[in-house]
Amino acid sequence: MDIELQLTVENLLARYVHALDGDRLEDWPGFFVENGCYRITTADNHERGLPLPVLFADSRAMLRDRVSALRHASVYEAQRYRHAVTSTLVERQDAGTARAVSHFQVLRTMQTGETTLYACGRYLDRIRLAGDGGRPQFEEKIVVCDSRRFDTLLAIPL
Amino acid sequence: MDIELQLTVENLLARYVHALDGDRLEDWPGFFVENGCYRITTADNHERGLPLPVLFADSRAMLRDRVSALRHASVYEAQRYRHAVTSTLVERQDAGTARAVSHFQVLRTMQTGETTLYACGRYLDRIRLAGDGGRPQFEEKIVVCDSRRFDTLLAIPL
Amino acid sequence: MDIELQLTVENLLARYVHALDGDRLEDWPGFFVENGCYRITTADNHERGLPLPVLFADSRAMLRDRVSALRHASVYEAQRYRHAVTSTLVERQDAGTARAVSHFQVLRTMQTGETTLYACGRYLDRIRLAGDGGRPQFEEKIVVCDSRRFDTLLAIPL
């Protein structure tokens, strides 16, 4: 078991969700390599191999556009999100890359004070271990949501 | 603090819940030693020492029977489960065995897309560190549920 | 990355929530140094720098008083709590101190068997690594709740 690899990946995932939940959206693209791939999909579609993501981006530029859109719409700040990432399984793919799969859930607290479960599912990640500045970054992050309901899921990064 | 032991146990628990949530039920008995013990009980009964488990098995054969029954009833596939295991405390018992206690929760997503909290509580595990093929396996797993409601809990492994 | 520091802090947090959820409230003050600071606040107030905690204590004696009050009121035993602490980021501050920030959530199970989400948010901790008996203890623990609703939150430690 590669202890350092395990904790490096857990640390990346922790910093990622702290950035999102701390409303530091502008930091979000920096968690990906320049041509990083980000996709939100449903478990149903993922299992059937359907290429119909809820959200898709294949570069940091697209992620930055997404952040601009969210800031412009001001939807993100209206509520608070709280991620929990657990049960991360890591596998080294080659000298510079690892794959990780984790469980996640997101709670959302409205301005009224009410908190509900917003989403849950799995993160399927391919990670470049020495990305910009030697820090690990996502080459690919696929967010597979357990639910197929997406009325509000379109709004925010997971 | 035994770092390797801690991460070995966390890895076992992570693989266990990935198997369950990934509907790989046939892999479930393999997480136990041949005469492994599995029990689901309530916190109330556990504290009072009442020997009334909701579910009980003391061999892999019984776990396999359970899987067959679930597959036959086709209840398991009808919805998705998502475990979160956290706060795992590990203690070495002897050279070959460790004890672990963890918090868990399980979310359930129905085919309608609705997600609700299904169960939460504690895992009380006794683990053989070098089981079949040198991999760690459960000698005993006691699932202590916080709630005493069990209308649906009977159906699936936790 | 300091692996031992990371796991030491995660272990402290795990023991802390196991004590609370196991109704071992009398152990709670012992997780703090003698003049340890404990505060529950809301994200709104925390961000605005408002000095209006929901709960405040700056010594173990005050925490002990709190436990006595809870035991006297017998509110704590009436239901079960289940914490999940995740995504812990640790930073060494100096030779003897570390800072940690984590996500947390608490589920509450009533005697009727119903479980609901009770609170979620962040733990902001300053930890003395070699406290009493050489064990780590909290010098300061700030519990920042995402919700600003506090009808019931006043009752129990988080």
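The chains carry the letters A, B and C, assigned in the order they are written, with residues numbered from 1 in each.
Going forward, contacts are C-beta pairs under 8 Å (C-beta built on N, C-alpha and C of every residue); 3 or more make two chains touch, one makes a residue touch a chain.
Since we're looking at a predicted model, the values are computed, not measured.
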Touching both chain A and chain B (chains): C
Interface sides of chain A and chain C: same vs different residues, half threshold: different
Whole-Å separation of chain centres (CA-atom averages), chain A against chain C: 27
Residue numbers of chain A (touch at least two other chains): 3, 84, 86, 117
Residues of chain B defined as touching chain C within the complex: 1, 3, 6, 43, 84, 86-89, 101, 103, 105, 117, 120-121, 146-149
Interface residues, chain A side, partner chain C - complex: 3-4, 7-8, 11, 13-15, 17-18, 21, 80, 82-86, 107, 109, 113-117
